[in-house]
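So, here come the structures, one by one.
After this come two complexes, each holding chain A, first together with chain B and then together with chain C.
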Partner chain A sequence: MWDEEFERILRDRLPFLPPDEPLEADLDLTANGLDSMGIVDLMVTLEREYDVRFGGDLLSLETFSTPAVLWKTVTALTSPAA
Partner chain B sequence: MHASTVTTDLPDELGGTHITTVPGFLDAVAEAAPGRPALRDSAGEGWTYGEYARVVSGYAAWLTEQGVRHGDRVLVRLPNTRDMVALLFAVTRLGAVFVPVNPAMKDYHLVSVVGDCEPVLVVADDRAVTAVQKLTDVPVRAVGAAREAAQARPAGAPPVPNAAAPGDVAVLIYTSGSTAAPKGVVCPHAQMVFAASSVGQVLGYRGDDVVFCRLPLPFDYGLYQVLLACRVGAELFLSGSEPDYTLLERIVESGATIVPLVPALASMVSWLAEREPTPTKVRMFTSTGAALPQSTIDALRTHFSDAAVVRMYGITECKRVTVMPPDEELERPGSVGPAIPGTTVTIMAEDGTVLPPGEIGEITVTGPNVMAGYWNAPEVTARTYRTDPATGRTRLHTGDWGSMDADGYVYFDGRRDDLFKRNGVRMSTIEIEAAAMDVPGIRAACVLLPTDTRDLVICVSGDVRPGFVLRELAKRLETAKVPATCHVIEDFPLTANGKNARKVLLELIDGTAK
Partner chain C sequence: MTSSADTAAATGAAGRTALVFPGMSALKYADVARFMLTNPIARRLREEADDALGYCLADHYRDAEEDYAESAQAAFLLNCTALAQWAVGAFGFTPVACAGPSFGAKAAACFSGALGFADTIRLTVELARCEQDYFRTEHTDVVTQSFVRTPEEGLRELLAGMDARGQWYEVSCHVDRDFFMVSLREPGLDAFTAGIRALGGLPLYAMRPPMHCAAFAPLRERAAAVLDGFTFADPALPVVRDQDGAAVTTAAGVREMLLDGFVRPVRWPDAVRGLRDLAVTRVCVAGPDTLWGRVPCTVEAFDVLAASPRAALRPRRYAPWAPPAPVTALAPVSAAASVKG
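Coming up: the complex of A and B.
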């Protein structure tokens, strides 16, 4: 499961998800308001907060489809083997 | 003051041809400089001006086979591809009317646009044909089939002649306004040619420019990039279907020198440049859609020190109102520039008196850029495009408020009605409330305009939850038009007059928030 920081950053970019609704692992991020600009903002913010760099095979629109996929990518980028 | 004469003649190196219709731009450049690169899309493939003109004739012949005649509307729903631009020139050279629609337009609005403009033909992306067919009885054709037919036309076949006259309607640009459904701004050839010439002149587009078009072509400033580039024989690079995190890479790879933006794109470009400083060939960013925040202007200047950042203001109803000349980019911060050459901007009080410099009133426009009203909407047209009692000329009342300094530079202030801009998109409370009433379970809806301290809010009554309402609205409206917050209110103020309901709700929402 992701940390609080990740949840806060992600929720800030999901305008259609009210604070009292849970951030489910398989939530459709696009349907909850993550648009093209939100994706760029999210990528730049996650890179800064987690000191990682999205790129290559780990960067596609699929990366930003659900919280679970995105967190898995962030984790892969932060792990030493990546 | 600035030179106020505008010529619609092409530069001497392009034959100096006098242009009177939209297809005239392409024909003249294809004749004078057929080998020049004209158009590339993100697939990397390109056309020269000569190839471009031949393909356009192919499309025009195909459209004729499909039964398209002078004055007919052809609705084209495509992403930014070479087909889309070719169809602009092909439809208009038959004297028919090009109706560009963004594939991102929701079905809810598309149905209303089709009903309003009554096209004889719809052209859509191959994969979208079945979905679009479900919305209309009008024939829907796949662009792939059109392209094959166009390319199959023998190389030696004579060009399809340009049947358009300057007074013919060239394009209908649908925009949201003060009504629940989008309205079509009627753009005749003469007005479009003038607007492209005037704006191109003040911005100084050149033959060696590469213009990077990420703006959707159905958005008027995107569409005009086609004409602005063609007018000087520059190359247009069409971008659009790729994820925006590759925006900066694409600007670099395309060799772009001019990048037209809206505030959201400007922010993304500056974030990406900060993330990875990259040398580019960009010499000018232009911005429209809404005021570019000073912080974004500063960020662009920091990361692209060789590029001018040009402020502009315009509305589809006259294409463009003002442009800050690029060589004055650092002067008069906060101004959106003077009227474009050949046109006049007047600040008026509500009673029609002309206001002196510095005083805030309605921004009105006269000149050859003023379009011919709204399609099928005589009442709104009469309200917006009024006859000046003194001169008998048409005066466009923009509904935007602002002031002008003694040198004619305009300062934008905002609006005084239910129309407003959010994230660069123009919208109305009426439009959002109408979409909300379309959501099952909602009995009443009222939108509260954004303030300095809170974003756009919608209040509804009905057996619904806030998240459901916002997600359902997102199916019917562009993201920018979906309110940030939804309040479900049990005792919804039901008054005879909508304004009263709004007043009560404002007290309820902003009163408790304070």
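Coming up: the complex of A and C.
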């Protein structure tokens, strides 16, 4: 499960997700208001907050499809082997 | 500097305000239906649109199977127009200019007074049919790929490589300093997006039909024949051309701007510069916008007032919109002297 910071960052960019609704792992982020500008902003913020850099095949809209996929990516980028 | 609609209105942010009509993005009927069906201005415009088209626009839009169906395009135009009229009354400003990147040029032409609303609705539908007919047989393998976070210098090198390999492409849209759209043949798309990723860029969407390419000159000719059926008037407000930022003030200029949209790239940073040259300090983005009012070159140059369907559904005091008065003077003002940067 992701940390509080990740959830806060993500929720800030999901205008259609009511604050009292849970952030489900397989939530469709696009359907909840994450558009292209939101994706760019989200990526830059995650890079700054987690000191990582999205690159290669991770630079894809699929990376930003659900909280689970995105957190898995962030986790992989922050792991020592990354 | 971006301010929400409410904040800007509450603080009475003054200055010269321009209306910006966004380029069209895919928009579900459900996302705009409440505004389109209940807002009094939208209702009035729907009646006018239904009379002009001879069918119920809202019903056709609801049942449309494609994101850019003619009814979806007409509905987008209607909603942008209604939101502009609503914003002028709700926020109490007198626009000094207007602009519209890509599809938004039609709404800008309409709002400026160069073309009546009913005519603009008919024009939108007729151009949609013209375009659909053209791309059914022409350039069937061409897509327009958008991508962001790509430095222009790196992009230039990537495109130089395509030149060297004899691969056709055209830059269709400069959205911002590191945000572009390039049209190319689909077989080369994977290699192109891989090149974008290698530059650290994020490929976004591949759009069909493609847009804004010199190669589409025959489409421009067909569109010119469509436009021959409409009479343009001199705009009452200067229309800042999305292709180079020039201020268009004549009927012929508006017509050419719409036609050139088929064959010339959108250069939004130039349009921003054109608005600044008119001493514009604030833009009101009228319509369901996911892009133009949010990119850095816009928010760094202006206060941005978002006139979205959601904003219009909030209760608010309202003063009715009146058509803009004719332009009496169009004196560019030094941006350095009077526009915040």
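By our rule, the second predicted complex is superposed on the first by the 82 of 82 C-alpha atoms of A that agree within 3 Å, B and C clash if a C-alpha of one lies under 4 Å from a C-alpha of the other, contacts with A are read in each partner's own complex, and residues count from 1 in each chain.
Criterion: a contact is a pair of C-beta atoms (placed from the backbone, for glycine too) under 8 Å apart; a residue touches a chain by one contact, two chains touch by 3 or more.
Predicted, not measured: the structure shown is a model, and the values here were computed from it.
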item: Superposed model, chain A: greater residue contact from chain B or chain C; value: B
item: Touching partner for A:73 - first (chain B), second (chain C), both, neither; value: neither
item: Partner chain(s) touched by A:56 [first = chain B, second = chain C, both, neither]; value: second
item: Touching partner for A:35 - first (chain B), second (chain C), both, neither; value: both
item: Which of chain B and chain C A:43 touches, first, second, both or neither; value: both
item: Residues of chain A that lie at the interface with chain B and also at the interface with chain C; value: 35-37, 39-40, 43, 54, 59-61
item: Residue ranges of chain C in contact with chain A within the complex; value: 146, 148-149, 196-197, 200-205, 290-291, 294-295
item: Contacting residues of chain B [partner chain A, same complex]; value: 243-245, 247, 264, 267-268, 271-272, 274-275, 465-467, 470-471, 474, 479, 482, 484-486
item: Sites on chain A touched by chain C in the complex; value: 35-37, 39-40, 43, 53-57, 59-61
item: Residues of chain A defined as touching chain B within the complex; value: 15-18, 21, 31-33, 35-37, 39-41, 43-44, 47, 54, 59-61
